[in-house]
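Below are two complexes that have chain A in common, paired first with chain B and then with chain C.
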Partner chain A sequence: MFVIGERINGMFDDVKRAIQEHDPAPIQELARRQVAGGANALDINVGPASKDKLGTMQWLVEVSQEAVDVPLCLDTTNAEVMRAGLEACEGNAIINSTTGEEERMAAILPLAAEFNCPLIGLTIDAEGVPRDADGRMEIALRLVSACMEQGISISDLYIDAVILPVNALQQVPQEVLMTIRMCKALSDPPPNTIIGLSNVSQGTVYRELLNRTCLVMALANGLDAAIVDPLDDKLMEAAIAAEVLLNRNIYCDDFIKAYRK
Partner chain B sequence: MFVIGERINGMFDDVKRAIQEHDPAPIQELARRQVAGGANALDINVGPASKDKLGTMQWLVEVSQEAVDVPLCLDTTNAEVMRAGLEACEGNAIINSTTGEEERMAAILPLAAEFNCPLIGLTIDAEGVPRDADGRMEIALRLVSACMEQGISISDLYIDAVILPVNALQQVPQEVLMTIRMCKALSDPPPNTIIGLSNVSQGTVYRELLNRTCLVMALANGLDAAIVDPLDDKLMEAAIAAEVLLNRNIYCDDFIKAYRK
Partner chain C sequence: MPFTIPKERWTAQVQTTTIGAPEADGGTRTSTVTVGGEQTLPFLHFEGETPNPPVIAIEVLDEAPTGWPEPLLKHYQEVLGDPAAWAQKAVAEFGADMICLRLVSANPDGTNASADDCAETIQSVLKAVGVPLIIWGCGDDDKDNEIMPFCSQAAAGERCVLGSATQDNYKTICASALADGHLIVNESPLDINIQKQVNILVTDMGMDLNDIIMYQITGALGYGVEYAYSILERTRLAALGGDKMLQMPMLSIVGSEAWRVKEAWQSEEEAPEWGPLDKRGIMWEVATASLFLHAGTDILVMWHPEAVARLHDLIAELIASPQA
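Now for the complex of A and B:
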């Protein structure tokens, strides 16, 4: 599983404070700890409160890449902020995200082509998140077609089937699992699949249990990547065990130690 | 998930000792604790060491049903021991198990028909456990056909795709997951699916982590029942969370408490 660390996000109090105080230390500490915890890339989200979103994105990119050298996953709905982040990235970046709306695809896909970087496509359109897996697949197909038209390799596309809080919409997780499975038959090569995991447990009491259980279920359905908290040890151990059971990680007696950095 | 408690098995030292000393207390304590932990039925296995397998089976059945009133799942390869156990059962029993071998089916299936009880069918034949899901499905189909011929309802058949230790045969778990999924297309109504979970982690260091991860993966592929240790709290919590995420258990804020007995 390709692990994208979710913690550098202005919606978290520690990150929000660091942004306000223009203090790189907490950001860099989070960057290092997430990579040590198993992150292959780091999500960068300025958060809802930031006033200078463009400047904050550039600053977060700069201070993060001073600390670690994994790809940064630029998480914004604003194409200008995305461009500013992409220009600030010295190494590889990942675009997070476009939806399947024509307008959003027209703004974001050319950036993926220009900067030659992977792209997360959410199965959302003008009407919002579809009820079921079939609705999600329609949008996924639209994203695949649009990428093909722009010359973006489908192996650079990550379909995010948009998991929602289980306490609000209990039918959603199984539709997401089905979408993950169905994506593998969408094209050849198929797009990758990803989930923004923590959303499933928003507002619930057993957040960590729901997160790790949902992640293992998604891996059992073929998930390729996830945006998660790599500081959650039990989550990472569950993911490692799942990949051992799926024969994606070679078994050894202390497989937890072997696959933790 | 239909939970069958695995602990009354003569391969465990405490049960072996109770059998040798003819002491019902440890057996009855295990029966009560497993039911309190969430078991819907209890597996009864005299174990490899017992000399009077028939008498021991009868005794285990008698003392267990003095303590609890869930169905007993009689776990023996010997048709005479199975009949003795079935005759000792006052309530419902489950037959565990037949393989797909003609000889075994000829000995065991008539007992399922005569006692009108559910039956576990292992995807094993004279050549052993097949390499892959297709081989398992061939045997599953043979079991379905044989049940139909004997007038056994397919909703009383539980296909066990035979999980093996992941440290020895790392490719097996994914074949078992695929078999669980494929079984649902085998007939209408389809057979149930079951796994004898703990086998996956035999000889490994992280037994509990592998067990609960494997169980969640199997549930995500449609598993109906499992033979597990209901005294393993984290395993049971993972199963409950998985069923909440699959919309099989209704969500409530304290779903762990709500679904634990």
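Now for the complex of A and C:
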């Protein structure tokens, strides 16, 4: 599983404070800890409160890449902020994200082509998040076609079937799981699949339990990548065990240690 | 309609490892061996590079073997019991890239040679040849733990490969290798899970991933070798897929396995339908070795000079085959 660490997000108080105080230390500490915890890439989100979104994005990119050497997953819906982030990135970047709306795709897809980087596509359109897997697949197909038209390799496309809080919409997780399965039949090679995991447990009491159970279920359905909290040891260990059980990693007695080495 | 060869996209490659230390690096080797670095399955040049061709180590025993068949014996007759001369002949006449010195004399059920005797043998072989050495104990855990620290020290700084670490016995050999700047062979009983576990155990002791060679106990052609092939191939697939704990180069022991089977040594009187004895063992060793080569082995440990020559030719041919 390709792990994208979610913690550098202005939504979290520690990150918000660091942004306000322009203090790189907490950001860099989070970057290092997430990579040590197993992150293959780091999500960078300026958060809702930031006033200078463009400048903040650039600053977060700059300070993060001083600390770690993994791809940065630039998390914004604003094409200008995205471009600023992409230009600030010295290493590899991942675009997070576009939706299936024509307008959004027209703004974001050319950036993926120009900067030659992977792209996350949310199964959302002008009417919002579809109710079921079929609706999600329609949008996924639209994303695949649009990428093909722009010359973006489908292996660089990550379809995010948009998981929603289980306490509000309990029927959604199974529709997302079905979408993850169905995506593999969309094209050859198929797009990758990803979820923004923590959304599933928003507002619930047993957040960590729901997160890791959902992740294991998604992996069993073929999930390739996830935006998660890599500092959650139990979550990471559940994912590592799931990948052994799915024969994606070779078993050995110390399989957790082997994965983390 | 034009045909396009489907290509696999691998995310990782086999580790590159250099064996033997020349004078500039604190040793006395006049040649070194670099193995690994493959970016694809063996010899699929259209998919990725094989920067370092597989190499052949000729095995040298530190005392005269018993029961060797004539076709093998005749090439080594005058050097048996003299490991330095044996090694010299293997390099000068038979083109060995490396020497695999096996300290059979240490076996407590046999000669029971002392640690000092073994250390002396190692020094004499190091003096006799300039190629890198693989130094292998006698196979008795307790005795090997007794002799290996001395053997390792006798070759300190030469960047030899010490064999072998197993799941139940790895600490002494690992500590010796770390202390004296050697690599180690991690051995597993034809089990990919145990191979991975041994690799973790030795890295926990501080062994660098680059200083490990993997070895699965295999058999010879006709004796379950298909299973060995599948284990080696699966290991290589895991390496190319990004499993760091299985990315080390692989070693296969061919000579002793091939010549152990009755097809290699049974007399023509006993088995006339099998054809001439002086060809059979060689063919068995060649077939077994080429099979491991195709499974991904980087180091072949061999016996018969003619089999070695055939494999050298085969490796050269496979490496030179059209690049895309």
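Note that the second predicted complex is superposed on the first by the 260 of 261 C-alpha atoms of A that agree within 3 Å, B and C clash if a C-alpha of one lies under 4 Å from a C-alpha of the other, contacts with A are read in each partner's own complex, and residues count from 1 in each chain.
FYI, contacts are C-beta pairs under 8 Å (C-beta built on N, C-alpha and C of every residue); 3 or more make two chains touch, one makes a residue touch a chain.
Note that this is a predicted model, so its numbers are computed, not measured.
When the two structures are aligned on the shared chain, A:I250 is found in touch with chain B and with chain C. With both complexes superposed, B is the one of chain B and chain C in contact with more chain A residues.
Once the two complexes are laid over each other on the shared chain, residue contacts for A:A258 go to chain C alone; chain B is not touched. In the superposition on chain A, contact of A:L177 is made with chain B only, not with chain C.
Using the contact criterion defined above for the overlaid structures, shared-chain residue A:L219 touches chain B, although it does not reach chain C. Overlap of the chain B and chain C interfaces on chain A comprises residues 250-251, 253-254.
Chain C meets chain A in the complex at residues 9, 192-194, 196-197, 200-201, 203-204, 234, 238, 243-246. Note for the complex: chain B touches chain A at residues 166-167, 170-171, 173-174, 177, 200, 204-206, 209-210, 213-214, 216-221, 237-238, 241-242, 244-247, 250-251, 253-256.
Considering their complex, residues 155, 249-254, 257-258, 261 of chain A touch chain C.
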